[in-house]
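Read through the structures below before going on.
Both of the next two complexes hold chain A, though its partner changes from chain B to chain C.
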Partner chain A sequence: MSEITKGGRDPLDEALASLSADVRPERDLWPEIHAEIAKTPILAPASRVQTTWFRLAATVLLVVATSFTTYYITRHSVQPQTAQNVEPLPAPVTPVQPASFSFGPERLGAGYMNARAELDKRFQERLATLPAADRAKVEKNLADIRHAADEISATLAQHPSDPLLQDLLMSTYQSELQLLANVSDLPSAGSMRTDL
Partner chain B sequence: MTTGAGTHSSALTADRSPLSDSALVAAARKGDMKAFERLYRLHSGKVMGLCLRMTRRRDVAEDCVQQTFIRAWRSLAAFEGRSAFGTWLHRIAVNEVLTHERNHGTRAESDGEAVEDAQAVPMESHREYDAGEVMDVERALATLPPGSRHVVVLQTVYGYSHEEVADMLGIAVGTCKAQLHRGRRLLRERMGLPETSDE
Partner chain C sequence: MRVAVTVAAALLLAQAAGAQEVQKSAQADPRGEVVISNVAGEVQVTGWDRNEVHVSADLSDDNQRLEFRSSGARTTIEVVLPRGHSYQGSTDLVVQIPRNSSLSMTTVSADQTVKDVRGTQRLQAVSGTIQTELWNEDLELKNVSGEINVRGHNGKGALRATSVSGGLRLEDVGSEMELNTVTGDMTVRVAELSKARIRTTNGNVELRASKVTDDLRIDAEGINGDLRFRFPRTLDAEFDISTFNGDIDNCFGPKPHKTSEYGPGNALRFKEGNGDGRVRIKALNGTVEICNR
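Moving on to the complex of A and B:
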């Protein structure tokens, strides 16, 4: 491609090849680098599992915060009417149990479990006031979701690093929480969706 | 890739650790700053050379080297080891240089710009380099317009392929080839070397 020297190489290539890739800084830059990075402890690489659980925790906190607000507002606006129109109903024949979560949300810590328990408590209270037909639909849907969560978490326990299963389980938990929140936030009168 | 065998190789050797880059990176990822310092000692020369030839200013190059290692530390968790650690560092360094150029109004020429119009700004002298032919090529390199200079430095001094250079600089492979062609032609002119049929 070029003028060839006696040695068989292009003089430009020879000249470029003679350049050293290493050029030492005139001063030691490490002390300043060290001072700067000392302020920034390195973060351990977050595993996908951890990330997934943090996303789920964030979702739960958002749902709980939103549903508490809605609950507070609706409670004060519809409580007198509810007291007049709705007779107390017996507890559900089949108590709705949370999914067993063998790969479950207890990994998120006590804060999450308390918030979730509070949401579940309000759900149970609201569920008891629903007409029997609606209550049956809600219970069936919730049982389906929790059954699916149990199956996924059992499979995930055998394949804990499977990203598809992790996403699927998180999505199922989110569906469950959404159903709990939706029922908890229902006004006392009016129709409701049970197909969530 | 070209490996430097410059006048400071003995100093580098003195700093060289028996541990491999991957072992040092693994330790640094756990927060071991001594391991990261060893990585700095091993790689700062090449990163400095790259930054200096791209920026032509020692003070700017040193800032870029510092920022490169600070950013590397903060991003160590994201380093997946798909490329060599040195290559990863060079990518960060190129980004630092390009960011500096954007922030300070220096810009690489596009394809259509006449590189001949570029201002010839000789690089400050380096005590690392001897007078003579090497100095000539170093000075000629420093007079190239940024677009061509970046490509020539990354390809001919650091041994990256067209594709790698294009990716690092965020330009098309065709642009990269054109810049290399122009850079080599300008180098020949400025070094008094005869042109070749394909340049």
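Moving on to the complex of A and C:
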């Protein structure tokens, strides 16, 4: 409980009022602050395009991770059956090559590229077990997707901030991964039981 | 007389070739899981009202075996091929399963036909047509080099279909779907549409919805091909459509604008009704058409 003075004011209020409102520093601090600021490198804000690519990269990596998880779970569940007597057909005459995008997937980072290469390897293994006619169709479809990605990335190189092209390119990369994962996951004659 | 001789000759030829018909059956959980796999031939699966799985297999030669296992709520039907042989024959399977079973089927070079199976279905095929029905449970379809045909019953089941080198034809399916084709056209007709995610690389899309929900969400992207949507006369949705190289035809009224003075791209954003729903369509090379009639 606080006492009230004759003037009707609280002593604490009076004490506060007696303090100087302007606290002066002992010395001028600004030159030192300025020097410290000057020592710290200034980071330029990420451009919109760069930010978008990071966001897209995260999306694609998520797709890759999901595809791999699905693939491995499926692979392990059928491994005892498929490990035996798979008669691989001759490797396709025209092996599917990774596309060389001018505004391409390498922008999504080494992690993505490694995962994509690994998925492509599994895809090639499974592709080799498909009937020749189906193999040709799958290769044609993958070539179409990669051609579309090439086409979009070339155009995107001319219009790097076009959000429509960015979305469509990312969607095409996802289609490519989905195709690789789906074919790796799909049944083939070699994946059926042949242990009679 | 001549017919009888022909039939007898055919039977003798079949016997000589080693063809055999096998029939097996087992009690099954009414909501159990049935797993089927087959290489080459045809598989017909029908739901029935018995708690029993029955299979009739027409094996083309003695080198094949039908494996039929039942364990708990799971029944497995598998055509087992001879070890080390290059398989040339085909096997037809006719299977009856409890109507509410879930079904998982994988085939290579075999057509799949499923009727009146009302549990969840997961069907995968390479080089063969998939034909099935959609009821109130979810349906997942993957096909490489073959068509997918689904006849729905306007049920609640969600549909997820992926096709590589093959078209999709969907009628009266449920209100939620995720559709992907690499090369192939999509034709979709629904009584009511709520959520659709559509992706195509090379192919046309035609989607017709008689009714849409208030929370309509459509997200469609096409690389090469026309995307056509028919909606009911009135709806509440905000449209966001853009093409890099293609026209936008809009029956709702607002006209698209060029995205660049010299380029072929178009964009269109407008709101219809309250604008509660969202329709987002993007195309690289192709026409987008939205219409309400």
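Definition applied: the second predicted complex is superposed on the first by the 102 of 196 C-alpha atoms of A that agree within 3 Å, B and C clash if a C-alpha of one lies under 4 Å from a C-alpha of the other, contacts with A are read in each partner's own complex, and residues count from 1 in each chain.
Keep this in mind: contacts are C-beta pairs under 8 Å (C-beta built on N, C-alpha and C of every residue); 3 or more make two chains touch, one makes a residue touch a chain.
As the structure is a computational prediction, the values presented were derived from the model and not from experiment.
J.: Name the contact category of A:165: first (chain B only), second (chain C only), both, or neither.
T.: Once the two structures are laid over each other on A, A:165 reaches chain C alone.
J.: Counting only touches as set out at the top, which of chain B and chain C does A:148 meet: first, second, both, neither?
T.: Once the two structures are laid over each other on A, A:148 reaches chain C alone.
J.: According to the stated criteria, A:124 is in contact with first (chain B), second (chain C), both, or neither; which is it?
T.: neither
J.: Using the touch definition from the top, list the residues of chain C that touch chain A in their complex.
T.: The contact residues of chain C facing chain A are 37-40, 63-65, 67, 78-87, 106-109, 124-127, 142, 144-145, 162, 164-165, 180, 182-183, 199, 201-202, 221, 223-224, 242-244, 259, 265, 282, 284.
J.: Quick one: which bits of chain A touch chain C in the complex? Just the residue numbers, please.
T.: 84-85, 87, 130-131, 133-134, 137-138, 140-141, 144-145, 148, 151-152, 155, 162, 164-165, 167-168, 171-172, 174-175, 178-179, 182-183, 185-189, 191-196
J.: Sort out for me which residues of chain B touch chain A in the complex.
T.: Interface residues on chain B, with respect to chain A: 2-9, 11-12, 28-31, 33, 36-37, 40-41, 44-46, 48-50, 52-53, 58, 61-62, 65-66, 69-70, 73-74, 76-78, 126, 128-129, 133-134, 136-138, 141, 152, 156-158, 184, 187-188, 191, 193-194, 196, 198-199.
J.: Can you name the residues of chain A that touch chain B in the complex?
T.: 1-3, 10-13, 15-27, 29-30, 32-34, 36-38, 40-46
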